[in-house]
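Report on the structure given below.
Labels for the chains are A, B, C and D, by order of writing; each one numbers its residues from 1.
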Amino acid sequence: MKRLSLSQAFWFLLRRDLLLGFRNRSELANPLLFFVLVITLFPLAVGAEPNLLARISPGIIWVAALLASMLSLDAIFRSDFEDGTLEQMLLSAHPVPVLVLAKVTAHWLVTGLPLLMVAPMLAMMLGLDESAYGILLLTILLGTPVLSLIGSIGVALTIGLRKGGIILSLLVLPLYVPVLIFAASAVDVSSVGLDAGAQIKMLMAFLFLALSLSPVATAAALRMSMS
Amino acid sequence: MSSLLQTRDLSCVKDDRVLFEDLNIDLKAGQILLVEGKNGSGKTSLLRILTGLSLPETGEVLWQGDPISEVGPDYYEQVNYVGHHDGIKRDLTCLENLRLVQAMGKPLPIDLDEALEKVNLYRFGENFVATLSAGQKRRLAMARLVVTEALLWIMDEPFTSLDKASMAMFQRMFEQHLDNGGVIVMTSHHDIEMPDSDVVRLNLSE
Amino acid sequence: MSLSEFLNMGGYAVFVWSSYGLTLGVLLINWWLPFQQHKQNLKKLKRQYRQDRKRNDSSS
Amino acid sequence: MGSPPHFYRFAGRWLPWLTGIFAIFLIVGLYGGLVMAPPDYQQGESYRIIFVHVPAAWMSMFIYMVMASCGIIVLVWRMKMAEIVLISSAPVGASFTFLALVTGSLWGKPMWGTYWVWDARLTSELILLFLYLGVLGLYGAIDDKRVAGRAVAILAIVGMVNIPIIHYSVDWWNSLHQTASLTKFEKPSMPPSMYVPILIMALAFKIYFVLALFQRVRAELLYRERNSRWVEELVQS
């Protein structure tokens, strides 16, 4: 019998991780809940003045999305690391970057995509101008995968550490800056009726760059961490 | 007969301690290498270097004469590794786990039910691994030897938490693998009964 | 230009001199710390080797 | 150069010379910047901070590039010396980044009336400082230093790929919000009496970097190789 082709292996691993995600669905709700909670804190802290909230809502939503995505990062490789399947993955006959990409994709589907669904509700609560909803969803769709991809490098570097959590945020947050700038700006300008095409194109460029480079770096970092 | 697995002047240093130095191993088809030694003598480190997971301080590992760092995935395809961790997922059933194992390696044309039968787990096929006992998990981990095709088996304490009957069962499996021209490297606290001609012993504590 | 005029830096003395002072300070610390550490390491190793040798002599 | 004992001796031989050359350049640079250069017609004497601020900012970038290059050498050729150079550069780089930030804000106070403005250069430097701290933090967190060396190599390369993107993003973000900028001095219109001292100071800082690096590499080598024969011979002679 021949071994699976590359795309078959990719889909197999993706399906497995989605299945595992589905079986642990109670854990999936956590980043989502965190996202909603952080956003709830802002009106309580800065006051419920509608103009102010509407003005800062793109920034708030994006900072909260970024933190939520960062908090869920550890789950990409944690359980595989602990039960030894990560080891087996590195010893598999398939190129590791492709397997990494499958895992990150699955992780984004179960933690990033749900953000997309609650974002309009939160935007409404903060009074974001309705004309910006489309762009908000588009930035989340393009931006959060980049966060997961960059984050996977950080997780791979810190997976073997007992106190990896705080180091992970130190490594990953500075690298998130470009996504934050362009995504928040896109929502911001479209809420005042301007064109956000340039920002969206930048986010797309980031996504392609991250898709092509980060799995390789993550694979190298995993090899390093497991040795 | 030509050598399958060789090491050349292998040395390993961990936390400033030299675990082993100038290690030269030469294994031919049909041979089993038993790695012995005290705790912390570098057994696991050696096994992980042989799989390619870890890098040696100096020296190299050769597969059919070529350094494994150059052979890459074609080497991994030839290796089945059973480590300290079972490498199976708690939240998948036994069958699902075996399918995963096959997807990651080079699958053998064997019915998965039959494979489960071979390791005495047929009745738990649809059960989640989380519900299995430690010994059953170990047997499932060892089932990767049955469902994928690999010449080189590397096993770290494969008999942990196994009972006498299972141990005997796996020993028969090992003998069969050697008869088919395979190679085995393993560590074990339990002695195994094999024809002496096939067994190479290496004690890292000496 | 008199010395006091130079030191005064046109009224910006605090900013200019603290910048330069801080820079020199940081450079100095960065030079001194590894220097100290190196000396410390040498001392530590000397002691360690001496002990090792003693142990070897008594055992042989 | 690749062998530790050789590098150790080489660095030891060069250290006094480098220190001397650095002192000469530093004195010439300081004299040029503080005495020779005329006051700026707009900012008076306060602009003299650029003679440390701009070279420090250049160094902060330069040292990260050195680290990333070492990172590539570590990953491709698995050279131990490159690992040590990489991690020994990081504290020096972080120091220069810190200096660029502090002198920038000391310069900003007379210019803008506050110590901190979200200026493009200062913001980029701040993020760069975080990147440096990330490298240092990761190295410190991993116990096995061989593994740690390879981990920071990967991180440095990832950071290097990101730095241009971060810079570009921050510049773009800054132009959107129209705040004051420190960049006006990098225009070619600067007279030689100003840019020559900047260049001399930059050279002095580069020499300082090599010298501080040698110092650190020597200490690190001695520690890492404490079980090898050459260290034993060296210590006992």
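The criterion applied here is as follows: a residue touches a chain if its C-beta (ideal position, glycine included) is under 8 Å from a C-beta of that chain, and two chains touch if they have at least 3 such contacts.
All values reported here derive from a predicted model rather than from experimental measurement.
Asker: Compute the shortest path length in steps from chain C to chain D over the network of touching chains.
Answerer: 1
Asker: Whose C-alpha centre lies nearest the centre of all protein C-alpha atoms?
Answerer: That would be chain A.
Asker: Can you work out the whole-Å distance between the CA centroids of chain A and chain C?
Answerer: Using C-alpha averages as centres, the distance is 44 Å.
Asker: Quick one: chain A and chain B, Cα centre-to-centre, how many Å?
Answerer: Going by mean C-alpha positions, chain A sits 37 Å from chain B.
Asker: Using mean C-alpha positions as chain centres, tell me how far chain A is from chain D in Å, no decimals.
Answerer: So the centre of chain A lies 32 Å away from the centre of chain D.
Asker: Taking each chain's centre as the mean position of its Cα atoms, how many Å separate chain B from chain C?
Answerer: Roughly 53 Å, centre to centre.
Asker: List, in ascending order, every residue of chain A touching at least 2 other chains.
Answerer: 227
Asker: Indicate the residues of chain D shared as contacts by at least two other chains.
Answerer: In chain D, residues 226 touch at least two other chains, as defined above.
Asker: For this structure, enumerate the chain pairs that meet the touch criterion.
Answerer: All chain pairs meeting the touch criterion are A-B, A-D, B-D, C-D.
Asker: Quick check on the complex: what are the chain B residues that touch chain A?
Answerer: Residue positions touching the partner: 48, 51-55, 73-74, 76-77, 79, 81, 83-92, 96, 100-101, 103-109, 149.
Asker: In the complex, go through chain A and note every residue touching chain D.
Answerer: 153, 157-158, 160-161, 163-164, 167, 170-171, 173-175, 177-178, 181-182, 185, 206, 209, 213, 217, 220-221, 224-225, 227
Asker: For the complex, give me every residue of chain A touching chain B.
Answerer: 1-4, 8-9, 12-13, 16, 19-20, 23-24, 79, 82-85, 87-95, 223, 226-227
Asker: Can you tell me which positions in chain D touch chain A when the two form their complex?
Answerer: For chain D paired with chain A, touching residues are 75, 127, 130-131, 133-134, 137-138, 141-142, 147, 150-151, 154-155, 157-159, 161-162, 165-166, 168-170, 172-173, 176.
Asker: Note which residues of chain D are touching chain C in the complex, please.
Answerer: These residues of chain D touch chain C: 30, 34-35, 39, 44-46, 48-49, 52-53, 56, 91-92, 95, 98-99, 102-103, 106-107, 109-110, 208, 211-212, 215-216, 218-219, 222-223, 226, 231-232, 235-236.
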